[in-house]
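The structure under discussion is supplied below as structure tokens; questions concerning it will follow.
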Amino acid sequence: MIIRSPDQVPRVTALKRFPMPRNLGVSPESRIEQGRTWPAPVRAGRVKAFEIYRYDPDLEGNPRIDTFEVDLDACGPMVLDALIWIKNTVDSTLTFRRSCREGICGSCAMNIDGTNWLACTRFIADLATPATIYPLANMRIIKDLIPDLTHVFAQYALIQPWLRSKTPPPERERLQSPEERSRLDDHYECILCFCCTSGCPSHWWNGDRFLGPAVLLQANRWLVDSRDEATGERLDELEDPFRLYRCHTILNCTRTCPKGLNPGKSIANIKRMLLERRT
Amino acid sequence: MTNSTPKRLRPLSPNIQIYRPQLTSVLSIANRISGIVLSLYAILLVVWLVAAAAGPHAYSTAQVIIRSWAGQILLFGCTFSFFLHLCGSIRHLIWDAGYGFELRTIYASGWTVVLVSSALTLLSWIISMVLAG
Amino acid sequence: MDNEGMRSPLGRALGLGSARTGVEQWWRERVSALALVPLTVWFAASLMVHTGSDYATFIAWLRTPIVSILMVLLLAGIFYHTALGLQVVIEDYFHSGLKTLALLGMRFGCCGLAVAGILATLRIAFGR
């Protein structure tokens, strides 16, 4: 089937996960164990099972999978509504980030049914049964569904995401034509949810040195900004076998962006600029 | 603040163990695996060329091995890897030129690679068998 | 991504700084791929045409100047592209000391195989 936009959930899924042992190659502290099941309330109407990753740093023990039976008639239509219902009525220790509930803050990014997306914009009706909810892939977990984003934000700071200019600032605005401004489209809308970066296999294997699609998308945002005057220096800082060139155009990033952005295309533009300046 | 107990390392959330295989990632790893397989077949190519240069006796030994059912299976694997890597690489070259990044196009080109490489593999084997008689 | 020491997160992300190189290798992998598309298709087609032909016919075909040239170019192209591609693969999956050994071994292997293949082709071309 042809996927036209990232929010299109495929009707048929051949494989939900690569057939491999669940704890293959996993270090001892990350091994996932079986948790408990929380049954639905007695007079529940439509019920759906949610398997959710749990981890409590205050207790001894490894991460585990808890199964919650959710009363769909008692909660809203989105996955975030189900999580809030669970926290309110079943287990108040379930911990997750959330804020705007409308897909603009990026807090509730998590791995839902195998793909990274925002919990507040994913319909429960699109999920398999049982639905599987994990935190963003390949992140250190602080608690339950909350990843430690320190390293990816440090990588973002590394690209110096601010205007770097040598010309003294003008009296009023720095002028920019509509065409030049349009080059920032599909870049400025990024909410830094890191769905793309945590879905990139190259970042899984080399995330300590590879910057990842989110950061590289923002790097391109500053490279194509006509008001920025440090293009050469930015390209020098990016031209590295690991920082940029671990990107092998896998394109999981474009597939999973919940805002419909295209990090793969932006990274290709950076590579094109690096080629153009030496030709 | 005394730190008598060492800070516990936070667990890493699962990645490949739970992430859904999608056309994007599956075709990418298939291109890489076919490339690695082809580099192993390149060794066999050199061995075969050396056998051809060594003389008719060495060459016919090589041909006997290739004509055995194990050799034919290896040759089929070689053909399929070759066409898969060829079509996948052309798709990569088109991306490197800057075209074909819309999600719809990514999926269309992806399925095209799967279909064309399978078709070319079958076609090449049928043509070879017809030509050989 | 784990902090064994006390370096700041930005310090860890910065690492040893940018190598300021990388576009050369990327470009050469693409150029060799572009060159290999017609060369390998020609080779595959030639093999298909020559299925079932005997040794003498095959050697006579290999000995012609055009075919010798194309075979040498094919072998050089294959092993150049392979060396670049496998370098990327090894850098992806190996870290620390084993990576250097693997890179060296792979590179020497590709050089040796390329020389062996080209010499065999030349031997056929210039042989009796």
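Chains here go by letter, A, B and C, matching the order in which they are written, and residues are numbered from 1 within each.
Simple rule for what comes next: a residue touches a chain if its C-beta (ideal position, glycine included) is under 8 Å from a C-beta of that chain, and two chains touch if they have at least 3 such contacts.
This one's a predicted model, so the numbers in the text were calculated from it and none came from an experiment.
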Furthest chain, CA centroid comparison against chain A: C
Between B-C and A-B, the pair joined by more C-beta contacts: A-B
Distance between chain centroids, defined by C-alpha means - chain A, chain C (Å): 35
Centroid spacing, where centroids are CA-atom means, of chain A and chain B in whole angstrom: 29
Distance from chain C to chain B - Cα centre to Cα centre, in angstrom: 15
In chain C, residues with contacts to at least two other chains: 2
Residues of chain A whose C-beta touches two or more other chains: 140, 248, 271
Sites on chain B at which at least two other chains make contact: 9, 32, 92, 96
For the chain A and chain C complex, residues of the former touching the latter: 140, 150-151, 153-155, 157-158, 202, 205-209, 236-246, 248, 271, 274-275, 278
Chain A contact footprint on chain C (complex, rising order): 1-2, 8-10, 12-15, 18-23, 25-27, 88, 91-93
Residues on chain A engaged by chain B in the complex (per definition of touch): 1-6, 13-18, 20-24, 26-27, 29-30, 32, 53, 55, 57, 62-63, 111, 113-115, 132, 134-142, 147-148, 198-199, 201, 204, 248-252, 254-255, 262, 264-265, 268-269, 271-272
Interface residues, chain B side, partner chain A - complex: 8-25, 28-29, 32, 92, 95-96, 98, 101-104, 106-108, 111
Chain C-facing residues of chain B, complex: 9, 32, 35-36, 38-39, 42-43, 45-46, 49-50, 52-53, 56, 59-60, 79, 82, 86, 89-90, 92-93, 96, 124, 127-129, 131-133
